[in-house]
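Chain naming follows the written order as A, B, C and D, and within any one chain the residues start at number 1.
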Amino acid sequence: MNSDYSKIIENAYKLTKPLKDKGKLATYIPELANVNPEKFGVHLTKIDGTCFGLGDNLERFSIQSIAKVLSLTLAVKFLGEKIWTRIDVEPSGTKFDSLLLLETNNGIPRNPFVNSGAIVICDILISHLENAREEFLEFVRDISDIPNLTYSDKIADSEKATGYRNVALCNFIKSLGNIENEPEEVLDFYFDMCSLELNCKELSNAFSFLANGGKKLRDNKQIITTSQAKRINALMLTCGFYDESGEFAFEVGLPGKSGVGGGIVALYPNNFTIAVWSPRLNPNGNSFKGMKLLETVTTYSEMSIF
Amino acid sequence: MNSDYSKIIENAYKLTKPLKDKGKLATYIPELANVNPEKFGVHLTKIDGTCFGLGDNLERFSIQSIAKVLSLTLAVKFLGEKIWTRIDVEPSGTKFDSLLLLETNNGIPRNPFVNSGAIVICDILISHLENAREEFLEFVRDISDIPNLTYSDKIADSEKATGYRNVALCNFIKSLGNIENEPEEVLDFYFDMCSLELNCKELSNAFSFLANGGKKLRDNKQIITTSQAKRINALMLTCGFYDESGEFAFEVGLPGKSGVGGGIVALYPNNFTIAVWSPRLNPNGNSFKGMKLLETVTTYSEMSIF
Amino acid sequence: MNSDYSKIIENAYKLTKPLKDKGKLATYIPELANVNPEKFGVHLTKIDGTCFGLGDNLERFSIQSIAKVLSLTLAVKFLGEKIWTRIDVEPSGTKFDSLLLLETNNGIPRNPFVNSGAIVICDILISHLENAREEFLEFVRDISDIPNLTYSDKIADSEKATGYRNVALCNFIKSLGNIENEPEEVLDFYFDMCSLELNCKELSNAFSFLANGGKKLRDNKQIITTSQAKRINALMLTCGFYDESGEFAFEVGLPGKSGVGGGIVALYPNNFTIAVWSPRLNPNGNSFKGMKLLETVTTYSEMSIF
Amino acid sequence: MNSDYSKIIENAYKLTKPLKDKGKLATYIPELANVNPEKFGVHLTKIDGTCFGLGDNLERFSIQSIAKVLSLTLAVKFLGEKIWTRIDVEPSGTKFDSLLLLETNNGIPRNPFVNSGAIVICDILISHLENAREEFLEFVRDISDIPNLTYSDKIADSEKATGYRNVALCNFIKSLGNIENEPEEVLDFYFDMCSLELNCKELSNAFSFLANGGKKLRDNKQIITTSQAKRINALMLTCGFYDESGEFAFEVGLPGKSGVGGGIVALYPNNFTIAVWSPRLNPNGNSFKGMKLLETVTTYSEMSIF
């Protein structure tokens, strides 16, 4: 493996930046449509603690679905394997399956990263924690070392006002018996969770425990067990990019997770985490330039898990 | 990583062998139902050439769908990236999707390891090779170093006589325009391909080029490029076990491929390949004890790619 | 045709009453579960104005989905053919299709009698009437000649508190762009509409304009045109009984509509309307004894439209 | 009802003939593509024996799926109600459901008029008759009073050579256990059955027993019971036009059956049968002008069952 990471990143950044990018901003959350579409940043954190960033890597953005990995981590940390009676661990197949598969699977979502699965994780956290909203925030503050991190009310409110499809999903799962709390409460927490804002540097740092056997880089504190970290990484690889999960494994070859805010985080176990941000999305809802940059990085460096 | 492989395998074999195994033999291919269901063998081949086997690891069995990885390799070797216009690289979601998804995707199979995808690969090989049946056999003889390897006419004929579902799939894809040759010719080759018989030792040896950057262990001959090998490994991880692909990645964490003959091959890039055989299948059509043994191996050793 | 209606009804009632009835009450609306499951009534109204009833035909019950025919009539009366750009007129196929088909059809419900279609009708009425809730009530009071008819708040509240699946449907259609008003407002009207209570006599009377070329029996007032009445009858025949619509056409051979309160109304154009009530439902959600009674009536009398 | 049938037909014919018709010929059966697309004929047969025809009503065409009503009649005649354990009587919902629904329904087709259902009927006839192919031909000769009627080998061979989708359907149902004979034999009979050629006059005559309580017009011979005739009429109304069955019931209001050869037959029980032929098809695979003519007839005459 080529270890000269900074050159690889720099090269990939240069190659990707001028690409003609036809992607559109996520418009179903009105507030996200106000972001400057030309933003582009990348940051890599090695598990030896060194790091390297380029472009808009210090500007915060809405991490959206990337937060689902963190809420899953909190659920695994506190409740362990029993959460898997309520969610499966299989890729979802197609965009259209979310509702169809829920119906045929009696309300058991295919995995914790499709919206239905992340909503069930929120329901589980509400049922088992004193104050899920606060405890989740504390948890992310802790693993990211950002003490003043907060939810973005503006983003959360924007999604609450227009998130009809998520309201549909949550009520549908409730009708099938796999939501314990009232849909409104579950959805409020879900929209809050997705409203977190971090920059690329903070994001690659926050996820580095998953590349480090479950331990925080700074103080080696064990967040979750090594086995639990491996399983979350496996889930990111098979389910982290919706319909494009197979494509990402095929082209990039790293576990990762994307969000409609244009962020992607990926990681090479025992080596590094990398976060990239570019708001224009490809037709599958993943950052167009983010995908391209990561493909370029692993094509040139052969730094993939395969 | 624990490097004392033989002890790990021995331990997993001992723990798995006495398990009560409620699985059934594959009965839809009548000839497969004649196999002794108590057979159990395992063989590991390291990329340094050392190897270790236990139980019925020297008795040949029908590798069935495991052969799909080899026909894909041949297609990739000769035709490169252009095969991906005819097949996708995404997990298929559910058992029931094969036909539904074909319809909504205009006859483009979800990946080369579902039956529809492997049938399209056979069609591609027939169109582009002089004699696909013979050239595929030569190819497997070459990578496995078994010069007298042959198709099993008994198995192939048994499946030809009863494989109505595969006849349906092939004719359906033909009606959607993604099969070039006559369905009967494509199916004959497909059933032949699946009828290959190897033992665990031969199988772990035959697949070792995928753990070795695309090169044969014995003579370092480059079968496919390193990048192509990585991509086939990624496909095995996301799509190698039908509906249970996510589960296998989650529990075992290695690229692998199963067959209804009860065989499974898995590999740890740059380290080893492992083949296991036990004919009783779990409800998802994968070897019950084979899955358990591999789970035990990676749980105890932490030898997973994640 | 046998014209001695009262004997035919009496005979069918006697044959059906003692049938062992394994059906269950609708339990998803808690308030409906309090109804006495042994209730059984039938009432026939001929278009010459004569009528005949038996059993509990003068006791009111929750007509539920039967009301969808009346809200459709109001929409057709005021808006004419333009409503068919927002709803289709095809049978829905299977129980599970409601959500799947909505997704593939861009939020256009299959017909106005599946829940999604009735919800869109409610949305249309809200958009085009000053006060849909009041005007619909006035309309039903007018065609049924029951001046003091009212919504049942108890039933409506019971469904509002637990109707998660309808909340899901309405929000899903909203997300696909085929609901104009806020889901909460649409659902409130929908639940109110379904909460109407009539007895068999009133129900057969209220529907008699559909058997009479669109004109009220009492005063020959034209409610809708003859052509519009024919089309609503056609819709009842093809779509009136969910998954069992084909079965009802096949066994009974009359246009009709059922409700989960155990009511069914059916009609023979230019001849009669008949309403029956028995709360226990068959597995398709239609009144078990109601279906049996109507089958017996048409089998003995050959009074079907075919 | 207006009884001056000939004027109504003449008027509708004149209004429909000049319509711009963008429909295409069925091209998936190559031989059908050779038909002159401008052909247009109509013929009405009253149950009093009088009849009236216009245009190309004496030129034979391939009746295709219209023959499914006749093979169903033969199955009902000889085997009675027991055929309904192998086929359902519900509309199929969508075009795409044929395969999906077969899978979820364990190989039980939705109704006898979708291809899968007609194929199962062919299998039933082969199992229960000495020589299904000959006996079916005799049966149609008998009810149509055309002693020299034969199958068209040219059409049947054309479809056998290219009917991959029907081969897929038949093998798929076989794999699910609902075909008793070998798929090849079943398909041969199916393609023969669909290759019958009649003209509009012959067709309206052949179907007149269904408008006449199951009895032939010429000699009052009972072909099937009145109740059986009513049920076949009900099935034509709910399932006779694939995805457009609801639309046909809504717009025309008569039981009927279409074929991809451009023919449609419809009937008004106890009144008349009408056959129309125009080869250009609308996007749902039904004759464009045939549908328009029948809509015009019933709109002007109000001669519908509703």
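Following the convention adopted for this analysis, contacts are C-beta pairs under 8 Å (C-beta built on N, C-alpha and C of every residue); 3 or more make two chains touch, one makes a residue touch a chain.
For each chain, UniProt lists the protein as follows: A, B, C, D = Glutaminase.
This one's a predicted model, so the numbers in the text were calculated from it and none came from an experiment.
Engineer: Could you run down the chains that neighbour subunit A and subunit C together?
Structural biologist: Touches both subunit A and subunit C: nothing.
Engineer: What chains do subunit B and subunit C have as common neighbours?
Structural biologist: A, D
Engineer: Please identify the chain with the largest separation between its CA centroid and the CA centroid of subunit C.
Structural biologist: B
Engineer: What whole-Å value do you get for the distance between subunit A and subunit D if each is reduced to the mean of its CA atoms?
Structural biologist: The mean C-alpha positions of subunit A and subunit D differ by 55 Å.
Engineer: Between subunit A and subunit B, what distance separates the C-alpha centroids? Give it in angstrom.
Structural biologist: Distance between chain centres, rounded to whole Å: 32 Å.
Engineer: Express in whole angstrom the distance between the two chain centres, defined as the mean CA positions of subunit B and subunit D.
Structural biologist: From the centre of subunit B to the centre of subunit D is 47 Å.
Engineer: Please set out, as single numbers or ranges, the residues of subunit D touching at least two other chains.
Structural biologist: Within subunit D, the residues that touch at least two other chains are 96, 104.
Engineer: By the document's touch rule, what are all the touching chain pairs in this structure?
Structural biologist: Chain pairs that touch: A-B, A-C, B-D, C-D.
Engineer: Please name which positions on subunit B make contact with subunit D in the complex.
Structural biologist: For this pair, the touching residues of subunit B are 96, 99-100, 103-104, 164-165, 167-172, 174-175, 183.
Engineer: Which subunit A residues qualify as touching subunit B in the complex?
Structural biologist: 88-94, 96-97, 101, 104, 110-111, 226-227, 229-231, 233-235, 237-239, 243-247, 249-250, 253, 255, 269, 299, 302, 304-306
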